[in-house]
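Written below as structure tokens is the structure these notes are about.
Just so it is clear, A, B, C and D label the chains in written order, and each chain counts residues from 1 on its own.
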Amino acid sequence: MRIVLLRDLKLAMRVGGGFGLAIMFFLILVVLVPFGIGPDAALLSAISPGILWIGALLACLLSLDRIFSLDYEDGTLDHLAIAPLPLESVVLAKATAHWLTTGLPLGLISPLLGLMLGLPIEGYLWLVLSLVLGTPALSVIGTFGAALTLGLKRGGLLLSVLVLPLYGPTLIFGAEVARRGSAGIELQTPLLMLLGLSFGVMAILPFASAAVLRINLR
Amino acid sequence: MVLSVLDLCVSRSSQVLLANVSFELAAGQALILKGPNGLGKTTLLRAITGLQPALSGQIIAGEDSFAYAAHADGVKPSLTVAENLQFWADIFDNQDISSALSAFDLNELKSRFAGMLSAGQKRRLGLARMLITNRPVWVLDEPSVSLDKASITQLEEVIKQHLQNGGAALIVTHGHLDLGSSCRTLSLDRYKFNRGVYDDAEAFL
Amino acid sequence: MSLWEYANPVKFLNLSTRALPWVSALSVICLIVGLIWGFFFTPDDYRMGSTVKIIYIHVPAALMAINSWFMMLVASLIWLIRRHHVSALAAKAAAPVGLVMTLIALITGAIWGQPMWGTWWAWDPRLTSFLILFQFYIGYLALWKSIENPDSAADLTSILCIVGSVFAVLSRYAVNFWNQGLHQGASLSLDKEKNVADVFYQPLLLSIAGFVFLFLTLVLIGTRSEIRIRRASVIAARKLLL
Amino acid sequence: MTIELGKYASFVLSAYAITIVLLALLIIYVFWHNSKSKALLKNAELNKDA
């Protein structure tokens, strides 16, 4: 699994511009929000945890269809399916590579954008923590969606329609942790739910994704 | 027997293409499958390697014994030739990529990006990957496509070498491959299925 | 004649021809009697006034929305495990019915809530989870439509249905956690002793029966059409070969 | 027997109206789909031998 992960990261650095793309999108989106909602600082500060979480979620969503499409077209997936390593570990490697190039950088850069939206001071730690702990779930669920829409002509749109409802719980718990963090309220329950969700999804969904991949490779 | 196939039936999108295909392949032997396009040769190869479930019939072969090379050869343009091969070497945990490089004389192209290779060189890199897997049964789908004369003889040499040290090869090709005495040809025409739909879609009739 | 006999499409077609008139008759009777009885012959609720009459369409539709997804889940599992075409096609036929039932539950829920909550749409956990269920139906149908090969379409949609069910339950609790409920307690929950007053109870049961039979009728007809479409494509495939 | 719906009459009536319309659309769709499948099958079987 490590092998596939390292190669994907090398490829992402050389071709996809690494995580720059996801961060740029996140930045542009967060800048757009005040344009839409108006510069009223109090309002922006109140909704900033939610905005930052939605921004990270959309940035993850947009980079999902690249997870398998390259390897599908040039036959690498066929060869990996025959290789001695289980397809589940290939799926997990792909999800991790996606997380390392989107979810993680977004989480680390989010304080900068929190500044722009006037996020309360005590919120920064929880914002980063909730994003770093929540985005793995977004990547693993997204990988499932990417496997489902592999090889379909206008798969991109279908991918969003399939994946967004699945993102619901992660967004609710993640944004709740960030919001309670910035308001200084006790946030143990949503944090535990977010962790449970992330690890639960990581443990179970790769099997479904691998099964879907096998079907799509027929 | 390195590989034996008994009454294999293969379909594509619920349409049966080949039925009751049977043949055997011993170590050191090569078998060339002939037949018109669209007959289902690629589907048959994918079924044998396990990429695609066959409808019925048996495929008896050792565990993890197939190495598959098709049109799409899994070459990453943004990686160098050596990096491409090293990736597959790690996957099949065989550390020695130099023999594969020299077999297809890709040594001097080692650090060039695969994207810059010509079609023929790219093909040779895809086939070099077969050596890396060091798996007994090679399944080749049109290996000689876009190869020039010199590369084809090189390909024949490598396959013969593989056969000598106990490997086997199942090849689908239109062109002529001279692989010496231990090579048989099998025409798939007689397995063509035309009595209608056979697979579980039959339940709808 | 085990249950799995009906899994053979041709047998299913003959068998459902006999069952169809009964089911559709039952659904018409139950619906008409249940709704008329509930609409005309039940008193107003002291608190909700006449809006309580919406219960006769909101509750059955909500129940059917959830049960048809559950039925699709069971059918998907049967398809994945026993490879019976009829169950995969039944799941495909049930999806639009479930979708419309969810839509009805949403709209009638919103209308019913308006006088009480004062707004047309309240982010109440139960209404919101129907909104999420609605999205799952949309995704499920979209996936069916976008895959050509019928067999892999059945496989992929079955897996989506299973994964979707897990996330639907997750969303149900996430939404509950996210906004404390405005919704009236479960009118029909089995654990509570005092359900809705008896005078409302009988017509409600009858209209639920009506909705269930309507669902069965529509799914039976839908499955039959899916089988015919598949049969036509199989015949065309065979003709192509000769 | 006329029924006194009180001030919420418009809500109750609109809820019932919308439900009936949606159910009617669903039923029409199912029957349309059914007849389309019948036609598809008939002409598939018709030119099966042609």
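Keep this in mind: a contact is a pair of C-beta atoms (placed from the backbone, for glycine too) under 8 Å apart; a residue touches a chain by one contact, two chains touch by 3 or more.
Keep in mind the model is a prediction, meaning the values are calculated, not measured.
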If we look at subunit A and subunit D, which chains touch each of them?
C
Higher number of C-beta pairs in contact (A-B or B-C) found for A-B
What chain lies closest to the overall centre, CA atoms only?
A
Distance between the centres, which are taken as Cα means, of subunit B and subunit A, whole angstrom
37
Can you work out the whole-Å distance between the CA centroids of subunit B and subunit D?
54
How many angstrom between the C-alpha centroids of subunit C and subunit B?
49
Interchain centroid distance [CA atoms averaged], subunit C/subunit D, Å:
15
Specify, in ascending order, the residues of subunit C that touch 2 or more different other chains.
231, 235, 238
Report the complete set of touching chain pairs.
A-B, A-C, B-C, C-D
Given the complex with subunit B, which residues does subunit A contribute to the contact?
3-4, 7, 10-11, 14-15, 71, 73-76, 78-85, 217-218
In the complex formed with subunit A, which residues of subunit B make contact?
49-53, 64, 66-68, 70-76, 78-79, 83, 87-88, 90-93, 129, 133
What part of subunit C is in contact with subunit B in the complex they form?
8-10, 83, 85, 148-151, 227, 230-231, 234-235, 237-238, 240-242
Given the complex, residues on subunit A that touch subunit C span 144, 148-149, 152-155, 158, 161-162, 164-166, 168-169, 172-173, 176, 189-190, 193, 197, 204-205, 208, 211-212, 215-216, 218
In their shared complex, at which residues does subunit D touch subunit C?
1, 3-9, 11-12, 14-16, 18-19, 22-23, 25-27, 29-31, 33-34, 36-38, 40-41, 44-45, 47-48
